[in-house]
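This report refers to the structure that appears directly beneath it.
Chains: A, B, C and D, in written order; residue numbering restarts at 1 for each.
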Amino acid sequence: VRLLLSCPDRPGLVAAVAEFLASRRLNITDVDQHSTESGRFYMRMVFDSPVGGAKSLGAEFAGTVAAAYEMRFRLTDSSQPARVVAMASKPVHCLRELLWRFDTGDLPGELAGVVSNHPDHREEVERLGVAYSHVVVDPESKAEAEERILRLIEGAAADLVVLARYMQVLSADFLERVGCPVINIHHSFLPSFAGAEPYRQAQERGVKLIGATAHYVTEDLDAGPIIEQDTARVSHRDELAGLVRLGEEVERSVLVRAVRSHLEDRVIVDGNRTVVL
Amino acid sequence: VRLLLSCPDRPGLVAAVAEFLASRRLNITDVDQHSTESGRFYMRMVFDSPVGGAKSLGAEFAGTVAAAYEMRFRLTDSSQPARVVAMASKPVHCLRELLWRFDTGDLPGELAGVVSNHPDHREEVERLGVAYSHVVVDPESKAEAEERILRLIEGAAADLVVLARYMQVLSADFLERVGCPVINIHHSFLPSFAGAEPYRQAQERGVKLIGATAHYVTEDLDAGPIIEQDTARVSHRDELAGLVRLGEEVERSVLVRAVRSHLEDRVIVDGNRTVVL
Amino acid sequence: VRLLLSCPDRPGLVAAVAEFLASRRLNITDVDQHSTESGRFYMRMVFDSPVGGAKSLGAEFAGTVAAAYEMRFRLTDSSQPARVVAMASKPVHCLRELLWRFDTGDLPGELAGVVSNHPDHREEVERLGVAYSHVVVDPESKAEAEERILRLIEGAAADLVVLARYMQVLSADFLERVGCPVINIHHSFLPSFAGAEPYRQAQERGVKLIGATAHYVTEDLDAGPIIEQDTARVSHRDELAGLVRLGEEVERSVLVRAVRSHLEDRVIVDGNRTVVL
Amino acid sequence: VRLLLSCPDRPGLVAAVAEFLASRRLNITDVDQHSTESGRFYMRMVFDSPVGGAKSLGAEFAGTVAAAYEMRFRLTDSSQPARVVAMASKPVHCLRELLWRFDTGDLPGELAGVVSNHPDHREEVERLGVAYSHVVVDPESKAEAEERILRLIEGAAADLVVLARYMQVLSADFLERVGCPVINIHHSFLPSFAGAEPYRQAQERGVKLIGATAHYVTEDLDAGPIIEQDTARVSHRDELAGLVRLGEEVERSVLVRAVRSHLEDRVIVDGNRTVVL
């Protein structure tokens, strides 16, 4: 069981949680904790499964320790694999990386479905036993398309949606109703080159490194809390096609790391930033 | 002798230059060349010193090959060490790195003087036999201060000015009159976090890597052609002071690499980008 | 057409080659060249296709410039895609990366076949229209198995064999007869942890980075000329399984870069080292 | 106060320590903890200073929690700056980096003295108010020289000795008697290229990355527990001098990070490996 929490920093926080678990004879197997100069406390604890299940334990914790210390927390039963829906447009590299990683068990959780506004990836996805839904999105029918996607996500009982180079902007209404976190991979080192065609922007500015950024999606396009980033060196020899090729490798790697951190319950969002424990 | 040139791409460019040198019995020891998809050709050639000196060779080259192919070129006699003036404000890490690298001969060229708007670094600089000029810069007397700095740079016969964390904006007039390239180190991965306090901006945005950028200074603040960049990984454990500390290491390293590339005549500026051969 | 050559360093080498091409009205589009302190000269030139084809040009070059300067050279007609045979054992990540990259055209050349001592990857390989040959290798029948593999490689008219985590040692006889270069990916930062189970060795030694090395295969196991290497940071949190997972990403990336360099005719082997131009 | 401990993994460890501290009203400000698959538990805790001082607290802890759980632990009063003695031979880059970092307060602790078998660095060291001792070491007088160095280290009340490119092998007798940990920087990515002239070895092997390793010194030359490592990319353009220059930057950076981790009580040695919390 994984406990992820944040609260105002105060003396006795670690001891309070440790005692709560010790008194229930639950063994802590992992702790990571962080306090900021500005007085905020973050903690991730992993411990053995309780007899009564995570749910009743959560209720107890909420009524006692969490209430006393004004904690926001999430308790996850790690024996239940999280369900993930991936969304992708035409570029296939990020989707393929996810397919592979879930298929080999290298990413925890289960790929419950793929939604695309292109028909191209059907065979590759279905071959691995994953449902593929092709939803046409065009300006006139965008609202309808989003409706349909929301129903697909709901039907898949998704705990997480991953935009694996999905090139359509999701509406505020969609984000409000989706009911689970949405992770996006942006193909630049944000905040540089937000918006369209980041590799072209990078080439025009003449940067010496390109990057990729995985972040939670919020209404502010490309401005949500960053989970993971990385960069790769480019040179004048890499024309636009070279930047894209090098960038795709960074995108795949950054997206997988971000999804893993999320699925291992390591990411706490605080305002517009994340703490990855 | 080092020849650095750019021109419209055309058949026969390499052969034309190689024949020009071969007919004067000058041996080429290094070539690096690059052509872009947009039809621009760049080349760096290193070859033995001519009998009559680099100057007369340059004149001949200008009148023949360069004229025929519309080349812009620079011919540098590498036996003459370039003269460098460094400018720094209070933070000392970049200045210190330069002092050290020139002192040990690790950077080619000679540190001909240091100009600072702070008196603090005098002892450290003069101990190594380098002239230190403290020039007070305040809003009222900025024009006068720039006059004085221009005279110091002229007096030092500088081939290059390096802003090693010099925190004053130089006027357009200064840049027009300085008479040699000016390299600046900006403490962010440009174009992210241009302007003041980039580490604070980075912390507020919650980025997972910080960076530094060395670029030629133009009138557009923090927007000149980039020579070198690099990044370093940070985590939530690094509060502002941690970002600054990690960043300083990146700044030092990026600045030294950019200054070395410039002093080895590897950098061709083309519009707002550089080709580093 | 790509020309890759090495010879003793002497005045006039660049000019001699440039003139040879200019006199045939062949336009040079790329040059990279390197001379060592020990007096060896290496060059890669890319130029337009000659009328009579690369073959006759090669014969002319051999008889003139190459003979005069004691050059070893290779002339490749880049319009003919190279043919590659991949060999893999049970771990699939490197093979899969190659399959993708050739399938999308991201690697130049053609994947002409896959040979494996395991039956597992047949469906995945054949789905992409690539021939899959399962050749059982056991101690008693090793010689026969190698015979069969040699015939498969010959039948595929392979220009390159890539060992994409092929876990059987190839005999000296095999290497002598294979008739084309063989690239291997070793899952450590050689020369550290040569031999079996490098990740276990790395864990036992407590290194803080793990790596991967792509090299040409020679009779000396894990000691052939290195083409490409890279490392990734690990921590005490990464038990053996974590090292393997992180390492696999490095292996894929290093192998693709090495194969690309080879297929773009950038790699010159000199003794036990390579120059990658 | 910082508590660093290791013990066999068992239920209740975090709670036991947290309760010990909570019952003394000591607030925990930082926890990092790690359990291995092989059943070993490591923890670092930072907490407020006790009224009676760290010493008496340590005695209490030893008699209660530590005894009950078979813990090995170290309790450090972080308000007392650690005292460091640096040793260096002719190459100055690592020594200089340490001088800077202690001088600016960027490394915690105090540089209590420098010992060198060369006279060259005296002025630079003494200028910063640090004692410099030149101890000639030659084969005949090595035992005497080590005696003298041991007395200097003792006289400086050193908590840590740092070999900042000290090129003499220390005897087993010296290491036994020195009375504090000794950190060395080796100029290769160990275990590659142990022994003399690692950059030359690296050049001969034709590796594509060079590295540096900081480790605790044990009787086995270059085989002690590794604290930190890093690598940098090199190319065929970097002859031996280039490898050295690039390597020196990595050495400086790796050594500083290792010394910082040690001085912040983050490093637990376990057999021949370290856990850096």
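Simple rule for what comes next: contacts are C-beta pairs under 8 Å (C-beta built on N, C-alpha and C of every residue); 3 or more make two chains touch, one makes a residue touch a chain.
Fair warning: this is a prediction, and the values are worked out from it, not measured in the lab.
Trainee: On a CA-centroid basis, which chain has its centre farthest from chain A's?
Mentor: Max centre-to-centre separation from chain A belongs to B.
Trainee: Between copies chain C and chain D, what's the superposition rotation on C-alpha atoms, in steps of 5 degrees?
Mentor: So the copies are related by a turn of 180 degrees.
Trainee: At what distance in angstrom does the C-alpha mean of chain B lie from that of chain A?
Mentor: Each chain reduced to its C-alpha mean, chain A and chain B end up 41 Å apart.
Trainee: Roughly how many whole angstrom separate the Cα centroids of chain B and chain D?
Mentor: Computed from C-alpha means, the inter-chain centre distance equals 37 Å.
Trainee: At which residue positions does chain B touch at least two other chains?
Mentor: 34
Trainee: Which of the residues in chain C end up touching chain D in this complex?
Mentor: 34, 36-37, 42, 189-193, 204-209, 211, 225-231, 235-237, 239, 272-277
Trainee: Going by the contact rule set out above, which residues of chain B touch chain D in the complex?
Mentor: Residue list for chain B touching chain D: 92, 96, 100, 106, 127, 245, 249, 253.
Trainee: In the complex formed with chain B, which residues of chain C make contact?
Mentor: 11-16, 18-19, 21-22, 25, 27-35, 48
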